[in-house]
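Shared between the two complexes below is subunit A, which pairs with subunit B and subunit C, respectively.
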Partner chain A sequence: MEFYHTIAEALEGILDIVLFRGKALNASLLLVSIDIPLLVAFVLLAAGGLSKKFVRILAVAGFVAPALISVWLWYVYFVGHYSDYAFASDTPTGLENFGISLKLGLNGISLPLYLLAGIVGLAAGIYAINSKVDRLRQYLILLLFMQGGLMGIFASIDLFFYYFFHEIALIPTFIMIAVWGGRGRRSAAMEMAIYLTLGALLSLIGLLALYSGSGLNSFDIISMREYFSENPLSEIFQDNAYALLLFGFGILVSLWPFHSWAPRAYGAAPAPVAMMHAGVLKKFGLYGLIQIGAPLLPFGASQWTGLLIWLALGNIILIGLATVGQRDLKQMIGYSSVMHMGYAFLGIACFSVIGVGGAVLLMFAHGLSVALLFMLADCIYRRTGTCEMHEMGGLCRKMPVLTCFFAMGVFANAGLPGFANFWGELGIFIGIWKFQPWLIVPAVAGILISALYGLRAARNIFFGDLPKAFDEKTEMGDIRFGERLPALVLLTTLILIGFWPRAISDTLDNNLTALYPSNNPTLVIEEYPIPQDLIFDPLESEKLDENLPPSRL
Partner chain B sequence: MSLTQILLVILLAPLASALLTIVFFRRKGSVASVLSVGAAGIVMLFSLYALYFSEVKTLHVSCNWLSLGGLSISMGFHFNQLSALMLLVVSFVGFWIHLFSMGYMADDEARGRYFGGLSFFMFSMLGIVLADNLFMLFIFWELVGFSSYLLIGHYFEKNSAAEAAKKAFLVNRVGDFGFLIGIIWCYWHYGTVDLAELESLLFLNPNLLITGMGLCLLCGVLGKSAQMPLHVWLPDAMEGPTPVSALIHAATMVAAGVYFLCRVYFIFTQDVLMVIAWVGAITAIFAAFSALAQNDIKRILAFSTLSQLGYMVAIFGVGTQAGVAEMLEFGFYAGVAAAMFHLTTHAFFKALLFLGSGSIINACHHEQDIFKMGGLYRRMPWTFLFFTIGVIAISGVPWIGAGFWSKDPILYLALKSNAPIYGILAFSAILTALYMGRLWFIVFFGEAKSESAENAKESSIFMVLPLAVLGLGSTFIGGMVQLYPAGVQQLLEKLPEAHGADHTLMVALSAGFSILGLVGAMLYYKPGASEDRLNKFAPRLFAFLKARLYFDEIYGWYIEKIQQPVAELLGFFDQLFISGLMVRGTAGLTGLVGIFVRATHVGSLHGYVYWFFGGLLLFWALAAGWF
Partner chain C sequence: MNNQLANYYEMAQDNTWLSILPEISLGVLALLLLVLELVLPKKRHDLIPRLALWGQAIILVVGIGHSSMGGAVSDLTSFNGLLIHSMRGEVLRFFFLLCSLLVCHMGIQYADRRGLPKVEFFHLILIVTAGLMLLAQSHNFVLLFVALETVTVGFYILVAYSRKSSFSLEAGLKYLILGAFSSSLLLFGIVLLYGAGGNPQLPGSSGDPMNFALLKVFIAANPDNILVLAGTVLVLCGLAFKIGAVPFQIWIPDVYQGAPTPVTAFLAVASKAGGFIVLINLAQGPFAPLKEMLVPFLGAIAILTILFGNLGALSQRNVKRLMGLSGIAHAGYLLLGVVASFTVPWAANAVVFYLFTYLLASFAVFGIMNQLAPMEDGNLSLDDFKNLARENPFYGAVLAIGLGSLAGIPPLAGFIGKLLIFIAAFKAGLYGILGVAVLGVVISIYYYFGWIMEAYFKPRLVSIKSEETPYGPDQFPATSSHRIVLGCLTAGTLILGFYQGALSYLL
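The block that comes next holds the complex of A and B.
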């Protein structure tokens, strides 16, 4: 009897979701954005005999809806000047004994990443729908599962579901690499599966430690935050729990030296999977450290910072130089994505609003740019049949638009101002100076390295002489609509945020100031008042800033 | 319109043109060119209006662009005499070069890309000119490097152009590496990067200055203004179309480094100023020697640009140091004024020389070797006339050339404050006249030495008109301080001026230097010579000069023999050691998982999915206590 009662309750819950009962529209939309991809996936899974065209249309809906919802919710949040969790909802799951319920909501930290998941998912989805692969239906089903998981990760307030959605997104990754991957897919998928399962396991233990440490019998991050701010955990506990989270998440984010799965897996993965994993799913770990790990375990974070810095420098310098030595395009992009994770770790190590804010901005930007590069690398591979960069050359003559996109991706990756990446890197550099001034030297050297391999790749692939073998290939055309659209989506977002970072940084700033200390520079100028008699030649001026003396020149 | 609005229009018009071109007119070259020239025209008109007619002469506005916990990065305008003068240079010279491009690039297939890039360059350059703080300046500084990359690589099919573009961007990034560190240092040390705030703070409290920070900021200048040892990219950058060389690699972008120095003149300690002076002086003489051993007309001009930039950098260092040390009657700003004034006249005459060479190259069907030209004064009379004005200007012939009016204060200031540097600069002045004379006599006189030179014809009006305007500006008219807008008069008043006997001496010296060089060139090289006499009689010396102190070889050696092997070794190590031994060495674990996977391996994807969901449901049900 008990059993049926629970089932009925669960059904009631589903009806609540479907009919938007008892919730504000935006809160329901958050849930819908997770449900639609999963629902479409189930429909495709159940209905085997659908025509390819119909499968494509359904899948488009499964990717477009979350993207639109994410943009809409960003807009509402931004315009509404929220400063904490908004769009909160709580759906019963039947696991209340353990304090688990599907609590969803967005704050300023998760909002950019939620938006990222929507946009990159859309781009990867469109690219996948238009690509010619065997067993398209199964391919799309798995991608839709990934998409549902991605949307869920950053929308969860409940730690259990945060982890749960990660697994939903992660498992299809292994399968897709093993089934649809390129050269060496089996071993790459295997290595990745072992590695990431280990990382996930460690971080799960860390999360469970938080759960049991609080004794609240709740996975709710908000109540944990409130509880821990009044009753901080013992130092030993914090130390160990943070280590679990740091290394667990570190493995998932390819922290040096736990990164070796990444280049191989990305090199072998089908493009949409690489886009979604490197672009979004990988940010799970960084997001966990920023939203959960460091604020809840500040002492633990401070204890492990020293080591984290050195490992992050390993990412930036060692992997950066290893990237320069790569000859295979996809491998190179894979290494480059590992390298940039070092920046994000550095930002987290700063433990200040500037550094962490820079890290979040960089995560957002890097997700877009690396997805763009993986997609374009796949476009190039499909045209030339090779990923060896020294076998290519002069392709700009055949595909000028593709060249333009690739060059933009490379420059974004190298942190050129005008692209979102610049703001992230700048924030991290500024933050790191306050933490340890000397660290800025290796950190900034990274922008030189990423320009070096990026421009070299662009030069080797697109410029100079066109090899004979390519010259004769007449079918090598420029970028097609199905490739141009996702590229445009990604690039436009990069440039929009690059020109106007406040679109995400304002809300981010609001939220981070509650969790991290702010570093204000000492305004030296206030200590040195300007004697009026020393100002000569005061010129008439239309100054808005009244405190400034007129310029002498 | 208020000044703020005018400046906004000036800044955004080229951006709008670039965006429209990229989005709509990529393949419509003629529309793109009209759009781009129109934007440049708007920039010029608005600038002239703002400079000559606006009541307001200085302006400081800013708005917040990004804030993160205490850090606040703003965008704004800091408009003072310096930026007014620079705005005049960029907008005026820029417009005429745009117009010249319309003629020069008329047959190019990728005109859309070219003009889009040119407009984007104008946007970024104007951003540097107007920036009110160091972060904003850095942003546009990098964007300028990006547009330079685009335009140098315009003929990307050529390996040399593709390499040159890459090299230019990377060398600039090396400079920007130090530059960014310096800016962040400045931010944390002084708590502000606002130029006006820094000026009022540091001008009155020189004890707050830090040598290291100044050196870091100097790195950016070394890259952008191509000073030693980061000068290697500029000669190669001549692979770009000639108007680009004129606009970016002669008149404006490379001068941005000098402009930046003058903009933050208050931030350098005496030691740094000393370094700046010597870097500039060494670059000036080194590049002048190198120019003697080049046969490519554009490369000669490129080395000449390096040399003249060295002049500006050197005199900034010397003059400001003298001012800081309170050594002189010139006042504090003599160095700034001398450097900026030379920057201005140089922009005119060097743009003129480059456009003149562009006209020649176009007429000679892309022949760039001066020894394959000859006799062009008959075939291209207008180009000859204006090019001659340019040669006179750069050689510093007294009174008639603009260069005399700006070089004279430089030499006088150097003579009075730093004798060794004066010696170097004076010797470079002779060399300048010598290599320009060599170029002029060989290209325009004697017999045509190739078929393309024989068939050369005068260029179209689009190309001659800009030559005429810039030619006018390169005569003594460009050297007349009174003609400049009221907003920059106070700055130009601070130019060091010789009086009485000093005056006579300086004029005599200038005349001596220029005549020595020009006549020396005529006597030594012989008008219309078909081979280099120096190369014939002293091939070793010629080869040594041509090798430019082996900088490129050393960098090339470093990249090939050190950087690349280290990178590949690290890549190998990464794959072999970490991935191979550490990870796959744990084969036992892999094997275990393998067994597990094989047991569940049912061969169909549905199988996996159902396994996954079955397991999930089971766990869930157990946890929820459904059983």
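The block that comes next holds the complex of A and C.
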């Protein structure tokens, strides 16, 4: 009889995962935001004979619901002034003996990225639903799987599920690039699959190191934090474990020189995939270093900082220069996204509240701006039939609104004030100024580089003479509603956060102060101690800078 | 005389025949099939396969389900220490019955297409399965050897079953020679252990050194005895042949290619699992005191096995050889789990979990292979999979999920299996082997994904070859029962990836 009992229990367990029984409303909403895209994907998978219109409606629901939930949860968290994990829930999945269960919750660090996943997913989803591709149903199923994974990554407290959701989102990426991609899609997909599997496995071993190093028999990050703050790991262990995380995550985030998969894959990927991968999924690794790696292994982080700085500079300067040399628009945006990851790494290397806070803000902002650029590049490609920038020109006469959006995207990408990217980069600059001032020089040079290639691309594409071949094309109209809506969603968020960074930075700060020193202790000069209550607010930090005497360094 | 009889009577006290009812019923069913073939008129012969399938299904559900699955089983010995009834043994019995059911189901299709006799096939599968089930519970080297030989002899015939195929005959001969060789190694090892363990001058010796528990006491008392070490190594060599570990792996590609596809699946899953369950029982039983020597020894074998399998499979285009070589790599990962189980006892259960995920994925892939195989199924190559997904999306999906699970891609079951073994290895401090295993997984992505790509993106070439291979996906549409079985296997792979509670009594 036990046998049948086991089966019955198994069925109940599955229902528990899907139905979020016995949880508070907001906590179950968190689970719902992961469930809905996956469920819609399964419904589409099972029902073959649906009309295209109905498929579209279902898919819209699958993308809109998580976005709305993410905004709602952000609002609750922001208004409630939480300072640690909120909306926590715990659902067993059968691996409790290994300390694995579906623990969900959000803190100030994961909240912006969770919001980002919702918004970029919505934009990519709307764009995909309105695009004319073959086999739309399969296309949307895979995107919905990706969306479910993305929502799960940043909502997980359990490190196992954090990794697990990443892979759920990653596998559809390979498939979609291989099936719906552009030139060289199969080799790009294969290269990406092998490279990223290596990165993912390295980081998995790193996570296992944390798990077995703690001896808690739990993948729960909260209990690990409590444990490690009292019993730090041995220095050799920290050193090795952090190296695994750094290089594993580094491969996933395209840290120089492990970046070569990224531009090729983005160049070949269909736009929604590039938007979701470059915009959200790639932040998995950075988020891992910020939320898990550095706070749990502070000694390891300090040991690898020296190397990390040089690799990050490789991202900024070398990849920046490579970006300038690109002729293919999508490849250029791919390189530019690799380049900006260098800034995020620099922010992490600072190991201070302001630097890491800047990195999180930049991750949020860059996710939006790169998604916007990838989407617009695809719009241009669909109209002109080419990605070669030197073959284009004068498009602003045919599509003024698109030009406007693209220019805004380029400005945001270069970190112009008024866009969210500005605050992120500012935070990082302040962080590195207090950490190692000479780094400012290459960092600012990078900003110039990114303005250079962005503006050059805009000039090549939109201004100058309209090639004859384009003149005759009749389908080259301006941006349509289905493209305008996602672009507006992304741009509005960028500008909103650009003018009101506290929406994110307040909650972020509350959490980071508990994990990171408010300034890098080794580099503060004794006579001018930085106030202990320094909070991460770029505006106030700036004032603080002015107050300090110039002879400080 | 009376005294001896009383002794025998006492020994027979724990002959709990009911506890091996599933094995006995399998034997009876196997004999019944032969009798029915004689008795039934020719036109009713189609009843026999049905009876075989339903009989096994009933044994599976009633026999195993009712005896003890899911409940706690204490490690009771019976038949005077020949058998041990442990939780793991029960799970493995379930495993082997499931295997044989799936193999028989595949075998019907295979034999129908090629006009091969079916009754003997079922008979052999059932006997082998009963042997495997006893093997999983053996607690004594005599029973172990007898059960293992029952299995191996059955396989000698099964591998060469397709008599008209020269591939199959060649494979049968190779398997026979190498199998006999490895059996003799195993037997020699057992004899050495028996001889040493029965020596009354050594400490800890006993009257019954074939018994695992008594042998463990003896080995713990004499860990440096040269006979013990030689015997242990020889026994492990014999088992290495069964699981296909380096340096006893070389038969695998040839035999896998030649054997009929259902038999290949049976070899790949059940025979390998049989080897591993014996290895686990030995590692946790008599050989546990030799940890110092066996961890580096088996660890080195695991490293070589993982590398050989993965590198060998890289450039392989013959699908059955590819499955064989990648199966070697899987044996390497499993061996890693066994090595870890010396330090972390639950690693043994992780190995069993891995075997379950391997069963689900392998049978799905072999099911597709069986469906597509040309008349001479040893020639099945990656070219035969071209455009499969477009012609038959269902097969495409089953294949992709099966291969993804074999590659260890989340969220499929194979990933959880690998993860548990990696956790165990990490806890046991086997960092070097773990590194090699990670490398192996990365390499395996190349050939598994290459296979999926072949099925999804390459158009089928219309050439002379298509005349030689009359069995494409269109010629023989799958019957609904095949679809259901493949669908269930795939669903199992997906569900075990998301929710492992179904096997929670293992973990």
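By our rule, the second predicted complex is superposed on the first by the 498 of 553 C-alpha atoms of A that agree within 3 Å, B and C clash if a C-alpha of one lies under 4 Å from a C-alpha of the other, contacts with A are read in each partner's own complex, and residues count from 1 in each chain.
Note that in this section contacts are C-beta pairs under 8 Å (C-beta built on N, C-alpha and C of every residue); 3 or more make two chains touch, one makes a residue touch a chain.
Being a predicted model, the structure only gives us computed values, none of them experimental.
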item	value
Partner chain(s) touched by A:P92 [first = subunit B, second = subunit C, both, neither]	second
Partner chain in contact with A:S505 - subunit B first, subunit C second, else both or neither	first
Subunit B versus subunit C as contact partner of A:Y211, first or second or both or neither	second
Subunit B versus subunit C as contact partner of A:A193, first or second or both or neither	both
Which superposed partner A:V179 touches (first subunit B, second subunit C, both, neither)	both
Partner chain(s) touched by A:D465 [first = subunit B, second = subunit C, both, neither]	first
Partner chain(s) touched by A:D134 [first = subunit B, second = subunit C, both, neither]	neither
Subunit C versus subunit B, contacts on subunit A by residue	B
A:E230 touches, of subunit B and subunit C: first, second, both or neither?	neither
Partner chain in contact with A:I171 - subunit B first, subunit C second, else both or neither	both
Subunit A residues contacted in one complex by subunit B, in the other by subunit C	3, 6-7, 93-95, 97-98, 171, 179, 190, 193-194
Subunit B-facing residues of subunit A, complex	3, 6-7, 45, 93-95, 97-98, 135, 138, 141-142, 171, 175, 179, 190-191, 193-195, 257, 259-261, 264, 318-319, 321-326, 335, 352-354, 357-358, 394, 396-397, 411, 416-418, 422-423, 426-427, 429-430, 433-434, 437, 440-441, 444-445, 447-448, 451-452, 455-456, 459, 462-465, 501-502, 505-506, 508-509, 512-513, 516-525, 528, 530-531, 534, 537, 539-545, 548-553
Sites on subunit C touched by subunit A in the complex	64-66, 68-71, 346, 404, 409-411, 415-416, 419-420, 422-423, 426-427, 434, 438, 441-442, 445-446, 449-450, 453, 456-457, 495, 498-505, 507
Of all residues in subunit A, those that touch subunit C in their complex	1-7, 9-10, 13-14, 17, 92-95, 97-98, 160, 163-164, 167-168, 171, 174, 178-179, 186, 190, 193-194, 197-198, 201-202, 204-205, 208-209, 211-212
Interface residues, subunit B side, partner subunit A - complex	2-4, 55-62, 64-71, 73, 78, 80-82, 135, 138-140, 142-143, 146, 149, 153, 156-159, 161-163, 165-166, 169-170, 173-174, 176-177, 180-181, 184-185, 187-192, 194, 196-197, 199-201, 203-205, 208, 262, 265, 333, 336, 490-491, 563-564, 566-575, 578-579, 582-584, 589-590, 593-594, 605-606, 608-609, 612, 620, 623-627
